[in-house]
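Once you scroll down, you'll see the structures, which are given as structure tokens.
Note that subunit A is present in both complexes that follow, paired respectively with subunit B and with subunit C.
What follows is the complex of A and B.
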């Protein structure tokens, strides 16, 4: 792929004070700013509105599950209704990572692997819980057992381990490690391994209904969320840096 | 496993600046970010294990009796031996004895594979006796802590493979690379020792 070009030095002619060269393409900047905006909205929806984070208890009775949907029906409808509208932001957030991966010397194949893994994971890992909870709140008269099924299905798919994400993180790490254009720092690749570990530790949520490995547990949920938060903050920070360092006149990617 | 273009001589030896020897940090800073962060994360897992153990000491102790301490000891010896080979390999790289370093790395990796086989035997035995993840909190911690550690061992084997690949190529040989691999492998070793102490030994 393209090599990162050096900043222009033409501004320093005639002894004039050097000016900071323009950097970053406008369209890439626009896409970049959508990323923190989307994840901020994502956090508000999942934490504040729909009460999906931290998740409600997995070990409650069917009647309590029905009560959960009744008690939070308004915020679930607003929150997940909003998510349905803005979920395309996930595609944009993954797309800009893929864009910068394609600028790496490692080529496109790992970028496609990353995008494929994230795209496959988006439905069960993000959207399915919204569909389940919206169905439960917009069709409140259903059999309580069906309500409990939607509760379990939504939260198991949301918190449960999904191997496609592990593949995406692995592709991301390998691409960074072998990249010679230094788009992202090497340690970002190493800490992506932490994300794979958190996916492994989310496997037992299908088995465990209480304790550290339940879907609201200290390891399967809280540790995973903290590590994801750190990882995502680092990715956004280095996406910004990579966008800043891309020359305005760099040719479009294939 | 960086692609930085620093030469071996720049990275390898303690720098001598006007009679003052600057301390040498093995490997590269990127690997240290990973290792220190990983130790912190595992430290949190260990604290959480201890909290749950404190809440149900009798149950944890009863389930712990079903683990085979001998297999745990074998695992520990195998991994310590592996680490010894890797440490010797790094010393050989520093002395520019690359053929010897490659042989030692292969030996270290072979003991890593032996660790995985021993763990597979242990898991199979436990499962055949009916002790699986749903058997209780202790076994849930047992399978997950040893499982995540096993993932690190497998990743370490991949890293050792990359180290060997680079050592075989005279144009790519970097001591920092071998050191980074060694740092990672010793972290895997250290984590196992704590896991062994917590799951098998502590009564």
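What follows is the complex of A and C.
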């Protein structure tokens, strides 16, 4: 398109352009839209289907754990069956954050650190609980003690995988604070610091079987979940903004 | 590939050579994987999920040495495909008409996928470590091994869809300004997406015990593993050709 075209011709010529986003690139947009779609599915899977959000209680009898798997067998299978199919969305969500972090003036180190923490965290943070719960519902007649083992292993790894995400939040916060390209607002860094605090406050889940610091407790679970929800909403919002503000003619990233 | 004598010591030549070495992990370790696959007494045909605990325990007692050989091989060498995935990442980053967000998402998904693959063989090896264990426990380990090996396909599916998208967005033409043209031919995109679709149904292996979707079934075992084996073989030649084009366009090879 020539830059000196008359208004009428430029309107017709670029007729398709204004309806597509003015800034950002189509491939980044495709990846961006997968992020809210994946986390919506993630929320439905963990809250509505598999009943891991809020988690079932740690202070119940072995028989009650068996009942939990029995009562929610169908939805656990649907939910975690779906999760292991679409979990690539987690890789995509991490990839686009890494992409925008690499656009910061802070260099690649923190972007790669974020990717490393998050990519490793997918296994203890969401896949292992899926494997445990699917193994439990796979054979309902199993010895109740083994069902209780799968219950504990699944939930402790899910709520208690701390360091992988802490390192990612740490890298994210430092990158935002030092970035001069204004990819994300500075206050998002402070919310990320709170994410690390909630990971630390989840340490007692390995000791405490009831109360505020148990894996379903008000501090170890609920506070962390609320902060995570706020953090994730902000990240999605500002990923959108960063994608909008990215120039269409920006060269491919190194 | 014939490296030009005058280019022998250039950094860009080393870049081509290291990619070639990484690419050759596919045929070398492919042969090793095939040997380990044939050596595992429960793959030809695959073990049924409907064996009793005593039958599973007997399987581990009778075939302890072969199971150990096969799974130690996967443990040591299974993740050796990572260099190959990284060649794909680097080739995706040579695509000039996109932002490279697909490459970063692919990288993250590849790392996460490797963590899952690295876990599965441990379960087989723990079951074989003490074959005299309570059969209920051996069956639990065997279930977790099979479910972890076959069902969590989300990362591979994500990787292949991302590769497909990257190929579709690689619209550069062979012009004087960008003589290289697209990195991969367009059919590689269709092929990659088709491989993802062939692998996807195996997620059901964690849910059903009979029929083609069971972990020993036509879709979950044979199609999933067969499609991925074909993908690796085809991609070896595709990437080799891409490297040849890269070497020629960079003046490293004739």
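Simple rule for what comes next: the second predicted complex is superposed on the first by the 232 of 254 C-alpha atoms of A that agree within 3 Å, B and C clash if a C-alpha of one lies under 4 Å from a C-alpha of the other, contacts with A are read in each partner's own complex, and residues count from 1 in each chain.
As a convention for this text, a residue touches a chain if its C-beta (ideal position, glycine included) is under 8 Å from a C-beta of that chain, and two chains touch if they have at least 3 such contacts.
Just so it is clear, the model here is predicted, and its values are computed rather than measured.
Participant: Using the overlay on subunit A, decide if subunit B and subunit C clash or can fit next to each other.
Facilitator: fit
Participant: Would you check which partner chain A:90 touches, where first means subunit B only, second means subunit C only, and both and neither mean what they say?
Facilitator: A:90: touches subunit C, not subunit B.
Participant: Determine, under the contact definition given at the top, whether A:26 touches first (subunit B), second (subunit C), both, or neither.
Facilitator: second
Participant: Is A:196 contacted by the first partner subunit B, the second partner subunit C, both or neither?
Facilitator: The answer is first: A:196 touches subunit B but not subunit C.
Participant: Between subunit B and subunit C, which makes contact with more of the residues in subunit A?
Facilitator: C
Participant: Could you say whether A:245 touches subunit B, subunit C, both of them, or neither, answering first, second, both or neither?
Facilitator: In the superposed model, A:245 contacts neither subunit B nor subunit C.
Participant: Once chain A of both complexes is superposed, is A:232 in touch with subunit B (first), subunit C (second), both, or neither?
Facilitator: neither
Participant: May I ask you to decide whether A:60 touches subunit B, subunit C, both, or neither, giving the answer as first, second, both or neither?
Facilitator: After superposing on A, A:60 lies clear of both subunit B and subunit C.
Participant: For A:41, using the defined touch cut-off, is the partner it touches subunit B, subunit C, both, or neither? Pick first, second, both or neither.
Facilitator: neither
Participant: What's the minimum Cα gap, in whole angstrom, linking subunit B and subunit C in the superposed view?
Facilitator: 26
Participant: Residue overlap on subunit A between the subunit B contact set and the subunit C contact set?
Facilitator: none
Participant: Considering only the defined contacts, which subunit A positions touch subunit B in the complex?
Facilitator: 177-180, 185-187, 189-191, 193-194, 196-197, 200-201, 203-204, 207-208, 211-213, 218-219, 223, 227
Participant: Which residues of subunit C touch subunit A in their complex?
Facilitator: 49, 93, 95-96, 98-102, 104-113, 115-116, 119, 136-137, 139-140, 143-144, 147-148, 151-159, 161-162, 165-166, 169, 200, 203-204, 206-207, 209
Participant: Please name which positions on subunit B make contact with subunit A in the complex.
Facilitator: 1-3, 28-31, 33-34, 37-38, 41, 44-45, 48-49, 52, 133-134, 137, 140-141, 144, 147-148, 151, 155
Participant: Taking the touch rule as given, give the residues of subunit A at its contact with subunit C in the complex, in rising order.
Facilitator: Residues 25-28, 30-31, 77, 80-92, 94-96, 98-99, 102, 115-116, 118-120, 122-123, 127, 130-132, 134-135, 137-139, 142-143, 146, 149-150, 246, 250, 252-253.
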